[in-house]
């Protein structure tokens, strides 16, 4: 499964997705020409700094972009079906059924006034024609599956009676209740303690193999990426700048931004005296992206060309896509980048 | 829950007691006394003194106070109204249901109209409907009730002959009511209560609709709404099931707080429309220095406020699982 | 018709004294004089103990004309009644209802003489100290019990009980005793001889002994009878809803025959505007004391007939004579001349009123038609004031004396728009002559409290006048500490005249004395007599046999009827 | 502190105003003679407005200083400076709020410039026979009343009463409410319990009835007493609000830190808690002005407001409701004046809330 990009039918493919927000201050290009593919049963990690458009892209896939946001262009193919062409009714059939999503804030993502059982059941009953009783049984089973003990009693509890980790499990149960083909996990563990994080990720991995689903994992945690994902897409300023398998990315990051990102994270066994890399400058304002390569103001190897010409995402070596003018022969423009 | 209610009631006792005490000394401090209604050149001043004696008005204020409290606490007696020539209890039992009827309808109007419009405005945020209702609501919210009452009265109760659709005062058609069918009586009551309850309720409804809109807009932004949508629920279910229930919670509190507002409003509205309720009794009692009546009316107003708040708290606990009464 | 001298606006919140509005009666071109009827001013004739057969015949005739039964009269009234028991009732609405429910010994004729009612006849003893009444034997209480002399005696005893506080208690002060001769004969024994013996004996409604004898005097104020009266009059009590209405229905067993109207309902309406609205829309059929400002609008209504009755009250501006400012007679006369009273009547009463020159109105037999007057004359007012030392010495437009500016506060009670308006007008008028006036409008209880304590400089108030000629309470120096002579008028000569006139049995002599007394008051001007308003009544035109008289709009209320084809209810 | 001081002054003014203004007015009259366009009557308003502006200036100064302190304390990217500019932008963006502000501004201008704007003296009676109850015309925009006074001028002058009552009564209510709420919120425990029970009790009074009774006690309905009374009857909401704020702020880190550093009570309240509670107080105060104006109008309508002939909108409606059949425009216009003013304040309050409350800002 190393070379996903060669597979002919990805579970979900996003092509040139553009989601803009028409604010009073101007057009915010939150997602601006995003493309990636996710194969069946695999995990694709979408990484990048906060504000680079990761979450918006995930919501775009669910078509949950609210005004003043709008998906202006692109294709989202779910097993060949273009979601952007679907009617709202058809889309509702997809949400929670074929594609589910879990959010980064388990504390606020559950409705405080309904029991968790009620909220999970709701997902089942809206997509499947089952009796109340059966839905409840399935809900209890689902709760049990996300490893919450005493499911029979927990099912009638309210969100505020549970811890954060527990709630995230409930969110997962809710998302998986209809056995979806794709699960979008938007920073599922950021709000949780490290030990809980591990448990949740473990649970996700377990359930993934059990349900045979694809996971789009949105995160800025590179450690997590290394651990669980098969493929990685790196986003910068509303676009993907590099896309390849996880192993390849960590072994030879080609884009200067990816390189910067990787070296800014401490790794175990790193010599104590080695300084952490810092990417200079700030994330660009999505109202006014820099011309040319959007990374050029912060790029150590930028030249005049980068200011004028926008690099395209191209396959710089087999199974490895990147958007930089200076990658030649699969070599990074930054010295010593290949490890 | 029961212990909570009992505790709340117990707490409110000193509150009502304080209310009674302040009112007692306040009304006694005001110039005049209930026997002023005997102000008449043909009346023997001596007879007036006798009346004062019979009603204990000649005693020191402290003694009067203790006696009054004793009567209220031990025998639940509120004394006699010198101005109305009957026991205070009788007068109140006659007026209270009328005020409750008026306030209840106004409350109903306030909630149904207020919440309904608030929801529509929030759902269609920035639409023409939204803007129109916001401006209308603000106008009614900012309108003194006596003024609204006067305008309605003049427009729809005979001032303009072509639109004489409603009676100008009273609760029923006093001549024909007796001979009406059950349905007819109901209709008769309805057309009589319409203008007063509208006057009383519409300002409050405007206030609620403003709150409701704001709350719902706030709730719509919440994460759990996104979760609900992500489940594939229709927008209607999302807004009305997940959104409304959350948005309604603060409204319940406001409803509890709006009770005193409604009662105070009733004072004016009853005056304008001649509604035979507590407001008129209260104003008469204050002006006539009808001590016993004044104290009892104020006590009841206070008690209704306490009950209103209690009911709001209980309702709140019922809809919001996060709040547990203890 | 038993309520006499009574301060207006008694304890009622929104009462305003009857005063009258705009265009001259009968001048609207579209309809005949029928639509506006001027009630004939019929002054009383003083002591009238004899039956006036002319009026009695007319009464009986009216009662016996062919008429239809049925229909309902809705009377609008501002302010609820307080009690339907004559012993405890203080509000005017209550008196009107009581008049329908209960009989008195006699009835009042249009000329204020007495006509038989419960008593068929009466006569004085030789020494004129005993008055014997012969009662009808066919009068029943509404619960079926017969009305007898025992009821009359019982009523008298309750009326004079110091623990009940009957509003007209003073009228009985010279009656020593009431004796039952037999079941239908009762005798009043007087302590002394005076002109109003008959009037004093009959004043008040006779009450049922068999019901009220169980009620201790102390509990009369709160007894259930106050709200559930059992009477013996032409109408019987049906229902009273507080602040809503009082309903009475025809008494089938009335001794003179069933009254024509099925029901009479007194409907409580919140204020004058609402009253006018309901009169216009037909929600109520009758209203007395219509504010003059609504006259024009209501006179335009096809369905209404207006009755303009002569005034039975007057309003005045009283000067606190204990205040150094007002101690000079000349100053008071000047103040009167500074006020354009005709303008007050023209603008506030829309011409429905007259200037009274003294405290005795034309409807009273003792009225003095040619009292000295101080008509509007600001020049002369200024001159009078200058003579008293009030000049504008510093040229600031205000009069002053010894460095003191001529300024004072005028108080009145709120709830009576015309009085409040007068304050505004008077302020402007006094400004013309250089006197600064501050209006102060007070709540009723506060106002009378201030009058009581003499805590005022000047005050606008009103008296409704009774039929009994007695000026003691308001003008006698003995009454200075007794509330009603609150301006503290004191004139020994007047006191002497008043005391003598009260007991003068010779009407002609008494009249001379009362005239002299009125001259003194007019000369002294302790009040500036402002206006005496006419009473404007509107009644729905379907009612027949409506006969309003100076004695009151309800003179023959029990005889009103509606032809079958015009009946509304 | 400053607020409290001003509140006290307002209260005192209630008692002494009559004589104070009289003397002042007399002196001014002596000094300038009859040539001053501002007459005696105007002084009440002028003096109180100056007073009020002083109060506002003090408030702005105080909040400015507080902000500076906060900025020094924590240098975040969202410094107060930036915040204020956001507030300004948010506010200006809200067209309705700007409209509200303009209405209020216009009303204040009208109230200030009464002598120049009003074509006639509001209490001067014309020819009562020839000129009364005139219909609207070029000379009398809203006709004349039964005393032949120009109704338009009366409504213009009436603005003073409403604005004065609105602002001062609200000021008193906010001062009192803040003080009481602060004590309850800061000390908590039994102090809080006692105070909040008292607040509950005050809330259980039917306001109007109580005011009727108390006005009778004073026997003199000077505008100052009405202001004081309305203020005394409407502070409870603010007290609850401030208490809530204080309770919440006490849990916050910056407060815990300040307390740990040994800051005194006064310092804690005035430098930490109060400045951070200002936003909701200001918003609620603005929204409260409307209610205050409505209450005054209701009192006037019951005949318990300002004594005639001084015009206030409430008593113009009361005074002219008898003209509804014929000269209906008089009560209508006065009533609309009330509505517009209250709408103005509410719009302003809404706008301020939207601009100041970050909860509602994305």
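We just call them A, B, C and D in the order they show up, numbering each chain from 1.
To be clear about the criterion, a contact is a pair of C-beta atoms (placed from the backbone, for glycine too) under 8 Å apart; a residue touches a chain by one contact, two chains touch by 3 or more.
Source: prediction; values computed, not measured.
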{"item": "Pair with more cross-chain C-beta pairs in contact, given C-D and B-D", "value": "B-D"}
{"item": "Centre-to-centre distance between chain D and chain C (centres being mean Cα positions), rounded to whole Å", "value": "47"}
{"item": "Separation of mean Cα positions, chain D and chain A [Å, integer]", "value": "54"}
{"item": "Mean-CA-position distance for chain D and chain B (Å)", "value": "26"}
{"item": "Whole-Å gap separating chain B and chain C, where each centre is the average of the chain's CA atoms", "value": "38"}
{"item": "Multi-partner residues of chain C (at least 2 other chains)", "value": "273, 443, 445-446, 450"}
{"item": "Residues of chain A touching at least two other chains", "value": "none"}
{"item": "Chain B residues counted as touching two or more neighbouring chains", "value": "30-32, 150, 154, 159, 271, 283, 287"}
{"item": "All touching chain pairs, where touch follows the definition stated at the start", "value": "A-B, B-C, B-D, C-D"}
{"item": "List of chain A residues in touch with chain B within their complex", "value": "59, 62, 64, 92-97, 100-101, 103, 105, 108-115, 119, 122-123, 126-127, 158, 160, 171, 174-175"}
{"item": "Contact set on chain B toward chain D in their complex", "value": "11-12, 14-16, 18-19, 22-23, 26-27, 29-32, 134, 138-139, 141-147, 150-151, 154, 159, 214, 218, 221, 257, 260, 263-264, 267-268, 271, 282-283, 286-287, 294, 297-298, 301-302, 305-306, 309"}
{"item": "Contact footprint of chain B on chain C as seen in their complex", "value": "4-7, 10-11, 13, 72, 74, 82-83, 85, 88-90, 162-171, 218, 221-222, 224, 226-227, 241-245, 247, 263, 265, 267-271, 273-274, 277-278, 280-281, 283, 443-446, 448-450, 466, 473-474, 482-484, 569"}
{"item": "Chain C contact footprint on chain B (complex, rising order)", "value": "30-33, 36-48, 50-51, 54, 80-87, 90-91, 94-95, 150, 153-154, 157-159, 161, 164, 167-171, 174-176, 270-274, 276-277, 280-281, 283-284, 287-289"}
{"item": "Sites on chain B touched by chain A in the complex", "value": "222-224, 226-234, 237, 242, 245-246, 249, 319-322"}
